[in-house]
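In the two complexes below, chain A is the common chain; its partner is chain B in one and chain C in the other.
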Partner chain A sequence: MEIHRFRYILFALMGLTALVQMCAIAFNAMGEINERNVYFEQTGRAPEEFFAAMSYTRAVQETQFWFAVPVGLSIAVLVIYAFLIWYRDWFGRGTFAYRLLSLPSERRNIYFAKLTAILTFVFVLVGFQLLLMPIGRAIFAMIAPADQLQPSYIADAIFANQVFKILLPRSFAEFFVNYGLGIISLLVLFASILLERSYRWLGIVYGLAYAGFCALLMVYPLLALGLNYSTGYFYTEEAYAIQMAIDGLIVVASVWLGLYLLKKKVSV
Partner chain B sequence: MKRYLLSMALGVFAVGSIGAYYASGTEGDAPRYKLTTLQGDAGEAAKMRLSGSYIGGVGSKALELTVDGTKYQLTQSFYEKYLKDNRYLTSRYEEMKALKREHRDFMRARSNVDSFYKDSEWLIYADIFLYGPRGVYDWRTELKMDVLEEATGHVRKYRIELGDSKPTHWVRVQDVQRIGDEVHILAEVRLQDAPAAGNVAGTTADFHDYVVDLRSGELLRNNVLVSEKSEINLSTISNEVRSQPSEYVVLRSNKSRTVRSEGGGEAVALDDHFWSYSYRTGKLTPLPEPSPGLSAYSNIQSELSGELFTILYSDRGSLAIARYNVATGAQEQGELTLTAEQLGGQSIHSVSLAQNRVYVLLTTESSNKTRISDGRQLVAVVLDAGSGELLYKGEAAYDGPAEKADEFRKNLWLTNVNADRL
Partner chain C sequence: MIELKGVRKRYRGRYVLNGLSFTAEKGNITCLIGMNGAGKSTVMKAIMGLVPVKEGQILVDGKPRGRWMYEKISFVPDHLTMPLSMKMSEGLTFMADFYASWNAERAAELMRFFRLEPGEKIGNLSKGTAAKYNLVLGLAPNSDYVLMDEPFSGIDLFSREMIADVFSSELIEERGVLLTTHEIGEVEHLIDKAVILQNGKAEMEFDCETMRSEEGKSIVDVMREVYSR
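Up next is the complex of A and B:
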C-alpha cells in the first residue's frame, strides 16, 4: 500500500538519476574525444601519444558531482518522505489516518508497512544505481573509440566516486554497518514522530529528547570507552560488543515504543 | 494483488542487485600475484610480507604479497578499518596475543610492548608516567609496576615516586628484566637543560636502570648508565622476544653528521656506538667498532636474540652483517658482505632483520636507472643471519593466464619487506 502510494515519486527519482548520470557520462566521453581531435588537428600527432586511454572509471571520477546530485536529491526526498509517510495520513485529504487506525487489523501492520516501504525505496534506489553503472559503461564504450578504450571494472568505477564510498562500500560488512546506522536512525525518527502524534506539543519535546538520548547512547562507546587510544580499559572486541548491544537496545526500544504509542496513545 | 506485485518485484530487484554486486566481488581490477619459489624452502618465507601497490587501471591499490598469495587492503570491514588497529599491542604481536589469552585482565590497557617481562613464575608490566608540571619546579615521575605471580594468579601493584623534579620532556621504558628478586626497569629519560644566557635550552638524554625489589616494591637503586648532553639519539635493543628473560640489553647512541662524498656532494653518515649492559653485574661494555667500510651504509637494523647481537647494514648495492656476543663483548665472526648481484638482483629495495633471518627485496634493475624498466623482476630472498646462507629465493609473478603475466608483472610495485612480529 505505502509502496503503491509512493511509486510515481520513486520512478521519477530513478528516471532523473538515470538521465543525469548517463548524460554526464556521454558528455564526458564526447568532451574527451573532442579534446583528442583538437590535439590531432593542432599537432598532427596521434592522440594516444599524449592522452591516456579512455577509461569509464576515470569518467565517473571526473563526473562525480553529476553522479552525486541525483543521489543527494533522492536521499533528501527519502528523508522528507520519512516524515510525510506519517504526517500525510493526518494532514492529507480526508480523514485517512482515522480510517487507517480504525481498520480491524493489528495497528502494528501500519508501522511495519511504513518501515518496509521506506527501506524498500532506499534499497531499490541503491540497486538501481548498481544497475546504472554497467549501462553507463556500455554507453561510454559506444561513444569512445574501441582502440582508445581501457577496460574498467564496475567496482572500481563505483569507488571512484566519493559518495559511493559511503553508499556502496567495497566491504559488505561496512555496507551492513552504514545501512544499519541508517535503519536505527529511521526507527528512532518513527518513535519520535509517534511521540509527537501522541502528545502533540509536549510530544515534540519528548521526541527530540528521545532522539537526542539515542544519539548520545550511540556515540557513547566511541567517546567514553577509549576506542581511539591504545590504553583504554576495554579491548576492542568488548567495546564493539557494547556498541552492538547499545544499538540492539535502541532498535528494540524504538520499535517497542513506536508500536506501543500507535496502539495505545495515538489519536486522530 | 497488483499493488503487492509491485512491492515484491521491487524487493526482489533490490536484493538481487545488491546481492549480485557483493557476491561477484568488489575488488575490481585487482589481479592476484604469487611468490614463485626459485630456490630453497618456501617454509622459510612463511613469515615474510612484501608490501606495495598494483598500479594498473585508474589509481593504485595497496597490496601485501606473501607465500600464501595476495591480499588487497580494499575490503576491510568497519571493525578492521576503524577499531582494530587502536589496540595494536594485542592484535599485532603474537606473544602479546598469547599473553592476552592467558591473562586477559592483567593485559588490559597496556600499551608499551617493551614494558613486559615474563618467565615461568612472574609476569611483570612496568611503566613510568610523567605528570605536570603544576608549577615550573613541580615535575613528577611515577613508576607503576604490576606484578602477577603465575602460581597463585595474585597481582600486586606498586607505585613509586621517582622524585625527580627536573623539567622532563619525556620518559619511556625500554626494557624490563628480573634478576633474582630484583626487577630492572631500563628507561630513557629526556631532560631539559637550564638555558644558558641568550641561548635556547638544550636537552640531556639519560639511560636509567631503576632497580625495584620484587617482593616489597621498594626502589633499591637508580643507576644512570649513559648521559649525553648533545643532539644524540639513544636507543636500546632488547631481546627480540620482549617478554622472555634476558640478562643483557644493548644500548645504542648515534649521531648523524654531514660528510663530503668523493664526487663533491654531501652525504649523511652515522656515528654509531653500541654497548652491552649486564643487568646482573651492572657492567657496561662497549662493543667493538665496526670496520670503517660499514659506517658508510645508510641503513642499519639490529636484533638481540639471547646473547647474540646482530647488526644488519644495507644500502642499494649490498648488505653486511656483523654479530657480537653480548656476554663477552666480542665479535662472533668476521663481517659478512653480500652484494645485490650475489643475491640475484641489481638493486636492494628493502631489508628486514627478524628472528635470525635477513629478508631482502631486490629488483633486477639497476638503482642508477631513472625510469622503471618493463623487464624488471622483483625478487625476495631469505638468508640465515649468521652464515649468510640463502634459504629461500622467490619471484613475484602474476597468478593467472600466462599471456597476461608480463603485462600484469609490469604493474606490480613492491617497496617493502617485513617479517611477522613475535
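Up next is the complex of A and C:
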C-alpha cells in the first residue's frame, strides 16, 4: 500500500536517473570520438598515437557530476518523503490517518509499513543504479570504436565516482556504517514526527530536542572517545564497541518511542 | 452499550471534555447535541481512540477499548478517510482486506442505493457524494455500533433525503448509532435519545419519546431551556 502510493514518484526518479546518466555516458563517448576525429583531420595521424584507449571507468569519472545529480535528487526526494509519508495521512481532504488508526490490527504495523517502504525505495534505487552500470557500459561500448575501447570492470567504474563510494560501498563494514547511519537517522526522524503529531506545538520542541540529543549521542564517541584517532584513551575496538552500543540504544529508544506514541498518544 | 465515565480531555489549554459521562445503547439512535466547539467530534474521536483522553473510562459492551473494538464500531467522520488517489472500488477492497466484519454484499448494495460509480476516483467526489461513500464504508461492516459525525453537513436536499432514508432502514435498526448533527429538525423524528453537551459535560440526557409524550417538548425546546440557563 505505502509502496503503491509512491510508485509514480519512484518510477520518475528511476527514469530520470537512467536518462541523465545514460545521456551523460553517451555524450561523453561521442565527445571523445569527436575529439579524436578533429585530431585526425588536423594532423592526419591516427588518434591511438595521442589518445589513450576509451574507457568506461574514465567516462564515469569524467561524468560524475551528472551521475551525482539524479542520485542527490533521489536522496532529497526520499528525505522529503520520510516526512510526507506521515503528514500526507493527516492533512488534506482525505485524512487517511483516521482510517489507519482505526484498523483492527496492531498500530505498530503502520509504523513498520512506513519504515520498510522508505527502506525499499532506497534499496530499489540503489539496485537500479547497480543495474544501470553495465547498461551504461554497453551503451559506451556501442558508441566507442571497438579498436579504441579498453575493457572496464564495473567495480572500477563504481569506484571512479565519489558519490558511489558512499552509496555502493565495497565492504560490508562500510555498508553497515553508511546505511546504518541512514536507518538510525530515519528512526529518529520518525520518533520526532510522532512526537509532533502527539503533542503538536510542544511536540515540535520535544521532537527537535530528541533529534538533537540523539545527534549529540552519536557524535560523542567520535569527539570524546578518540574513535577517529589512534591516541585516544580507548583502544579503537573499545571505542567502536561504545559507538555501536550507543547507536543500538538510539535504535531501540527511537523504535520504542515511535511505537508507544503511535499506540497511546498520537491524535488526528 | 458504549459507556463514557468521567472522561476528561484537554485541548489548547482548556478541558473540552470535563468529566463527561453518558451511554449509547445498541438498537437506539443517540444524538449528541451541543453548540460549536462543545466537543461533539472530540467525543467521537475519543471513543475511537483517535485522541488520547486524560482521565476517565470508555467502555464498549462493558470492556475497555482495544483493537477488537474496531470490528464492532464503525466511524463515519464528516470528511474522507481514504487516499484521494484511490478509486472507490479500491477503497472497498482495502476495507475488505482489513476488516473481518466487512460485508461486501452490503457494500455493493449501498453503492447501488447511493448510485455511486465504483470506478470513480475518491479525490473527484463532491462533498455530498463523499458523505454517501463514507456511509458505505461505515455501514457495510457487520458492526454493532455506528458513530456518525455530522452526516448531513453541507449536503444537498436530495442527498440528505437519501441519507435520512438509511436511518429508518434495516441497516440501522439492530445497531447502536451515536450521531452529531446541527440539523436536529430534520432527524428529530428518528432520534431515540439525546445528550446535550455543555461545558464539557452531559448537561442533560433524555429519552426523546418520553420527553415528547410526557412534557410535550421537542429536542429543540429542551436545547433552548438548557442553553438559556
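One rule holds in what follows: the second predicted complex is superposed on the first by the 263 of 268 C-alpha atoms of A that agree within 3 Å, B and C clash if a C-alpha of one lies under 4 Å from a C-alpha of the other, contacts with A are read in each partner's own complex, and residues count from 1 in each chain.
The criterion applied here is as follows: contacts are C-beta pairs under 8 Å (C-beta built on N, C-alpha and C of every residue); 3 or more make two chains touch, one makes a residue touch a chain.
All values reported here derive from a predicted model rather than from experimental measurement.
Enquirer: Tell me the contact category for A:L131 with respect to chain B and chain C: first, second, both or neither.
Expert: first
Enquirer: Just to be sure I read the superposition right, which of the two partners does A:F123 touch: chain B = first, chain C = second, or both, or neither?
Expert: In the superposed model, A:F123 contacts chain B only, not chain C.
Enquirer: Output check: A:S105 vs chain B and chain C. Expected answer is one of first, second, both, neither. What do you get?
Expert: second
Enquirer: Classify the contacts of A:A173 with the two partner chains as first (chain B alone), second (chain C alone), both, or neither.
Expert: Only chain B; A:A173 stays clear of chain C.
Enquirer: Where does A:K264 make contact in the superposed view: on chain B (first), on chain C (second), on both, or on neither?
Expert: So A:K264 only meets chain C here.
Enquirer: Have a look at where A:A239 lands relative to chain B and chain C in the superposition and call it first, second, both or neither.
Expert: After superposition on chain A, A:A239 lies in contact with chain B alone.
Enquirer: Is A:Q148 touching the first partner chain B, the second partner chain C, both, or neither of them?
Expert: Neither chain B nor chain C is touched by A:Q148.
Enquirer: Is A:Q64 touching the first partner chain B, the second partner chain C, both, or neither of them?
Expert: Neither partner.
Enquirer: Output the chain A positions appearing in both contact lists, the one against chain B and the one against chain C.
Expert: 1
Enquirer: Over in the complex, which chain A residues touch chain C? Could you list them?
Expert: Result: residues 1, 5, 92-96, 98-99, 101-107, 264-268 of chain A touch chain C.
Enquirer: In the complex formed with chain B, which residues of chain A make contact?
Expert: 1, 3-4, 7, 55, 57-58, 61, 120, 123-124, 126-128, 130-131, 150-160, 168, 170-175, 177-178, 227-236, 239-240
Enquirer: Provide the residue numbers of chain C that touch chain A in the complex, in ascending order.
Expert: 45, 48-52, 67-71, 75, 77, 79-85, 94, 98-100, 122-123
Enquirer: Can you list the chain B residues touching chain A in their complex?
Expert: Within the complex, chain B contacts chain A at residues 3, 6-7, 10-11, 13-18, 20-22, 25-29, 57-59, 74-79, 81, 83-84, 86-91, 100, 104, 108-111.
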